[in-house]
Amino acid sequence: MALLHLSGEATFDTVRLVGMAIRAVCASVSSSSEAAQIELAVVEASNNIVEHAYRAVQGDIALDVDIGEKKIVIALHDTGETMPTASHQSANLDFDPMNLDDLPEGGMGLFLMTSIMDEQSYVSVNGKNTLTLTKFLHGENND
Amino acid sequence: MALLHLSGEATFDTVRLVGMAIRAVCASVSSSSEAAQIELAVVEASNNIVEHAYRAVQGDIALDVDIGEKKIVIALHDTGETMPTASHQSANLDFDPMNLDDLPEGGMGLFLMTSIMDEQSYVSVNGKNTLTLTKFLHGENND
Amino acid sequence: MATITTTKAANVMVVTVTEKRLDAKIAVSFKDEMASLINAGETTVVLDLSNVGFVDSSGLGAIVTSLKLIGRKGDLLVAGVKDDVMTMFTLTRMDRVFQMFPTTDDALNSLIAK
Amino acid sequence: MATITTTKAANVMVVTVTEKRLDAKIAVSFKDEMASLINAGETTVVLDLSNVGFVDSSGLGAIVTSLKLIGRKGDLLVAGVKDDVMTMFTLTRMDRVFQMFPTTDDALNSLIAK
């Protein structure tokens, strides 16, 4: 239906704006709770770009948002460090909720992305990394 | 505080996404009713780019959104036809509400932009047109 | 895809805009659908905007066009306008042009009272 | 700028997050402010999230860190979680880790009942 590009300096401030913008455009074709989840997935992916891909260096984050009637496809681009293959393949979160010492304080981002989105792919070509997240939409857009 | 770039093909579909995204990011520093007005101003400016700057031709629309604590500055860029000086200087809307024949069916866009935003400037350099809209924020961000 | 649905109550046509945004993307379709109704003789219309969260100047222009088309033969009442949309009417002073009502029922009652 | 405000009710510290977003931008400050309180001896805490519309994994991680810091000495109860934020707790199964209450008062009452 329509394609919107978003970009900015890769900072947590930018990630906030990106998150709010993503939620709003997704809510036009999706339920408000689903839009909130997609915001979460995109914020986790964006935080990873700020924290891991660029670590101490500066760089830009760019997103292509494709809002369709049947699916939402969001591609995140960065030119920082490439994600190790192991990372984006092992997105589980196992812990014993009763065991205080076992509780995770981090490492939940990839798990959340995988839980929320229906498809996920990651490619790195000529120093440009692209993570593509897809969410299929079902039935009526009820708020 | 943070700068977000938005862009896409200059179509009414893109304008919808831009409008929703702008409202959401503005609502983070502004009241929800003020954010809705800023959306309106930006949609009017964007529609003009689709309808007048590009008329029958295709082109891109790009926005820089600067969300500060004291002001929001939104710059809209296009590479289409330049707005005649007369247009952006005569943004009034005079009519007799009691006279049916006198009611305007169009020509309200520039008036709305001027009414809503605090500052407005337009420059055209080397085929690139930039309309900059500024809104000053007052006090607490109450929703 | 139609931008409106209609229900007839006595001699009044209640037109409900089904879209969340009455904007440049759909203003022409909306205007055409309104023109068909009016040209078919529906000149007492209640326009229900309760689903609409955003109206731009093309959308508002299309409503004005409908009012002009009805002319002095009838009435175009506007109902269910949300706060943010009301701002659009007040900024352009179109709130002085249209008779506006909180709900469709309020609009219908005002017509009965006449 | 502080991310929280506090009120003491009997031996319970009610901590209200004042930010709308508990995310990577403020997670470290929030964690530090919580650590100061806990290290100062506040080990029975009700965390009021009723102002918060968004929590990411850094925000949630900071809450878990606070719970671990309190350890078995006390309690960290979570109150006022909005629906969209609750999804974050259920997706990560953290809803089974924290005692969660609709309001701060409900959380306080549960402590009194003990």
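Order of writing sets the labels: A, B, C and D. Residues in every chain begin at 1.
Quick note on the criterion: contacts are C-beta pairs under 8 Å (C-beta built on N, C-alpha and C of every residue); 3 or more make two chains touch, one makes a residue touch a chain.
A quick note: this is a predicted structure, and the numbers were derived from the prediction, not measured.
Enquirer: Could you tell me which chains make contact with chain A and chain D both?
Expert: Both-contact set = empty.
Enquirer: Ignoring chain A, what connected groups of chains are left?
Expert: Components, chain A removed in thought: B, C | D.
Enquirer: On C-alpha atoms only, rotate chain A onto chain B and read off the angle in steps of 5 degrees.
Expert: Between chain A and chain B the superposing rotation measures out at 180 degrees.
Enquirer: What whole-number Å value describes the gap between the mean CA coordinates of chain A and chain B?
Expert: 29
Enquirer: Per the centroid of Cα atoms for each chain, what is the distance between chain B and chain C, given in Å?
Expert: Using C-alpha averages as centres, the distance is 25 Å.
Enquirer: How many Å are there between the centre of chain A and the centre of chain C, using C-alpha atoms for each centre?
Expert: Those two chain centres are 41 Å apart.
Enquirer: Residues of chain A touching 2+ other chains?
Expert: 13, 16, 28
Enquirer: Write out all the pairs of touching chains, ordered by chain label.
Expert: A-B, A-D, B-C
Enquirer: Using the touch definition up top, name the residues of chain C that touch chain B in the complex.
Expert: 21, 23-25, 54, 56-58, 60-62, 64-65, 67-68, 71-72, 83-84, 87-88, 91-94, 96-97
Enquirer: Over in the complex, which chain A residues touch chain B? Could you list them?
Expert: Touch list, chain A to chain B: 1-9, 11, 13-14, 16-18, 20-21, 23-25, 27-28, 65, 67.
Enquirer: Any idea which chain A residues touch chain D in the complex?
Expert: Those in contact with chain D are residues 12-13, 15-16, 19, 32-33, 36-37, 39-40, 43-44, 47, 50-51, 93, 95, 97, 100-101, 103-106, 108-109, 111-112, 115-116.
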